[in-house]
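Provided herewith is a single structure, encoded as structure tokens, for subsequent inquiry.
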């Protein structure tokens, strides 16, 4: 095997120890876009098989009838959510890809041998009041929340390996944190940080709505939820976890007229002037073990990461002004891809397994 | 005044005879895209003023709050549809831009001095059974239907001038008929005619739906309603009106991932071979008085007609095979623009009045 | 005439004084997108006529052959740039819509009775060294530059009225300055200002290039020219003109996958906390005479200003953190529209004349 | 292994017989979009390795610098085309992804042990005069052409298995032929066939041009090359190969404002009336061994096949009027994917190997 292909060969490099069969996984909420991407990825995963996928409104329908990209590729059908959760005893892992508020009902009831990865915002926040403020509902399972590990793979890898419960990060949070983490860890930030974040329309989910109506959206660009996006508290919480975060975060979300992609422009003032040539090694060092963070020259582009699990990061510097650019696919590294990356770690697999989703040009 | 600007100077060229004041018009159903375009056009119309615009779900709101393109440009507010239609006595003209099925309730009740232009499909078809078949409901006002003139301006100009009721053509029908009319009028067609028609997403209206969900629509192209689109019978009816139409019409509609525009590729077999150089004069002659039909070399492009009242027509020929290409903006020449063009004729104005909506590059 | 239409009736409201005929204007460089928009606007302008439009590579061709949106609407043909500039003696006004570097060759030679509006960057900067740094060439006409007025209509209205030479602002500069001007004038800003600006692809001009190649651009978003965009110095220069600008400007340009539109998110720290309810009157007051700046609730959207001369401005505030959003059409308020707005003022016309370009929904 | 995953498990199902190492392949012309897709697919192919990839203008650069989707995924660098073609002796297979006209220079010189797959139009046509007419150049290697097999996998599978030279079909030809082949093979067609075909912008290649300039293309739809597209003769040639083709082909190409995708609407008159329920089995039977042709209900959509090797086919029928819809990704099943599918057959591999490229939703 030559160098060229070695990068892509992950299947046999880290076999699951002492295991003869594949992981048996369930997806709760398989009809949305997060579910669609979990299906795409797990159907190709060499060490996992999908034992159950639920979608109440499509129960009985073939997966390929609903997600027509998968037509002809699977005999899986959608089930109703199981009434008796203890019927899940022959499963290894459950992905919860449900609307906000549903995971907190289900997670506490799941059999204790199951590992659980929640893609919603239900279990990301450690503070109950902050949750109420941002999600507009009471939290009914804070005791379970305390067992959750925040699943930003690149900053929490060791904890994830030993976790039973993972709160998978939000898409904006992933893009922002991967841009800021090396700076926070090295205590380089002073003053407020401005994050100008933009998302494609799939971030609004699979259900049609006024803001994703094609005639409107296709020639539009606008800001929404100024200062108050629900990903703000998880970003601040995790930054405090990574370093001595005391700065003010000014976070602004915008809507892009593309289907997929998050792009964050992150404006930082550094404590002292840092030469252009010193930033790059700092990022390279922080992400030396992180295959899915690619450091690029200049600006990344959502075009190069779409459908992949990569987060591309670039930067520019002038005196103490540093701007970091971060680009990822909101449904992959921002959701389903990172969820599978976490599953891999939780079950002793190589992080990359099943995630070699190559992007396309164009 | 020089030649250059003369083309654009219509305001004073044909003043309304014997009239001191502006036409007072009402728009029933002002919140949809057809209504939005009627508002845009009529707000700039030198000889008309909008006296009433209804939209039950927005009653009391400013027009510029709903159609934000018009923000700051008008003090008009949306009203509820009037319960007593005889309150409309100080109006001159009513545009009905309502969902299919509503105009047939309203039109028969309108005071007899009012002229009425209906943008829906309610009054286009003369045959009651054909209506039921294509619109899936009974027709409750066929007696009124018999007073309606089909408002394809370029083929029915004289009748429109004297009409009280206009059934404004469908967008696909307009594109198709303007491409076929010169051939039908000259009895040049033999065998079946294939029309491969494509529409932008605004053709589906202002209400979000699965087929106009941006993540889906923005990279898609597909066919829908094969053979059975409700514009088929009005096309056939009008072709029989124009010439001795006996051919079979194979009509197929497709969805384009753009906001605005209709493009029809019309495949015709001619009775005898016609030289390329003979087609052009035939169209030019037929449309010699029709400012809004522009004959172009080769193919038109929806990009050049968007937001305008033009229908651009081009063609190519090989032996007896003739293909005609027709491009227009579904909301202007395919709806609101043609409606105002008809209003102009009905009230003795120059056809072009208020319709000099120049397109843009790009 | 009722209130409703009064807003749109500008033609006769402020007739050119003591003048029987139309302004005779020339466009140098009529084949680009700036030229295309000048043509669209001036062809409809009630008090101007286009006497000359140049485009060396298209000399002899009809304007409607090159800008197919104008096909059938004008008999104008493109000319070569005149060799003898004194043949321009029967003109009133010249628009220079040429690539950077050409206006500085032409402007000094123009007959002194002519008023001149330059859409390029040649005459915007007062400092020769700053020009060299940002445009990469020597300036050969700084003596003429000193006669130029910076044509941001809303901040320089009085000077523009008496100017012979106008340096029309850049598109990014217009969006940024209209967002910042009320704050700078009221001396409210402290610390650095971050401007995250995004542009549609027409900002790159009419000539195909790698960054506007459709397969690439249509699903992309990326940053370019970090910190160094050539509009930065004109923004800083004008801010110093408006108020006591001493802040640092962090300016970042990004590429949007739409054809038209600029959106600027402007992050400001205010000297003291300002209540949400105090910002709005401050902007309203500053722009009380400025029809083309529309103050909107929340965020503007490029969708609502496309093809119009409006700049829509909104904002959000949290403590001392203020973000201003500004949206305009790069080719209209960001170029040709503002140029004509300036022409109107220079010749004693109402500022709005010929600029009632209504946008569309969708 | 359960049924679900079995569909996706091809790697080990048909191992290359009597072979210890991977196929060594070369790509001539790796910088275009066809080359980009060959790289994406072959880098993941379990039984092939890329030994050489040429691109004269990028020689020495990393593949991931040019195709940034592959950044970090390969150490391959672009080479100059080898001057001495006999240096290719340790290769097994060569893909020629060069501009039209270059393959005919190279193919005849390649060492005889090499298998060759040409993605250009150079070797598709058996008649020299027809080639000259459609490609506008003399053919200099007709002796080699006679050794070429037309690589439409689904109709020529057996011949491909034993071929040394493959002329890979054009993208429009693949979509059209896969729609028509079952009908032609069953001799069901009478009269002319109308094919209304539409392509995304990547079909024009990686080099910027006027027709792919984003500001223009993004809101456009137009026809081009009426009747005369160079894919017409290969379609007619292959239809004669499949059945008793005597009909007239009316073929029209159009440009879609999307990056990827071909959609063909194929209008056929059948010799006798065929019930809707009889068409489906006819297609199912014809494609019973063809995994990559998926029969769908109603219309396919380019959205569901983008980035995949699938061609989705649907149809509608009314009396003797039959319309077949065919959708594929022009760069995959229409180019690189089909090329690898052919390589697999030529080397005794399972046809699906390395081609399980799952599409995405959205």
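Just so it is clear, A, B, C and D label the chains in written order, and each chain counts residues from 1 on its own.
Criterion: a residue touches a chain if its C-beta (ideal position, glycine included) is under 8 Å from a C-beta of that chain, and two chains touch if they have at least 3 such contacts.
Here the structure is a predicted model, which means the values were calculated and not measured.
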Winner on C-beta contact pairs when A-B is weighed against A-D: A-D
Distance-maximising chain from chain B - centres being C-alpha averages: A
Intercentroid distance (Cα basis), chain D paired with chain B, Å: 41
Intercentroid distance (Cα basis), chain D paired with chain A, Å: 35
Chain A-chain B separation of Cα centroids, rounded to whole Å: 47
Chain D: positions in contact with at least two other chains: 33, 202, 206, 215, 218-219, 257-260, 301, 362
Chain C contact footprint on chain D (complex, rising order): 33, 200-202, 204, 206-210, 212-215, 217-219, 257-260
Parts of chain B lying in touch with chain D, wherever the complex brings them together: 191-192, 194, 196, 198, 215-216, 219-224, 226-227, 248, 250, 252, 254, 256-261, 263, 265, 267, 269, 298-303, 306, 314, 316, 318, 321, 323, 325, 327, 362
Parts of chain C lying in touch with chain B, wherever the complex brings them together: 1-5, 7-8, 22, 33, 36-37, 40, 43-44, 49-50, 67-76, 202, 206, 259-260, 291, 294, 296, 301, 304, 307-308, 310, 312, 331, 356, 358-362
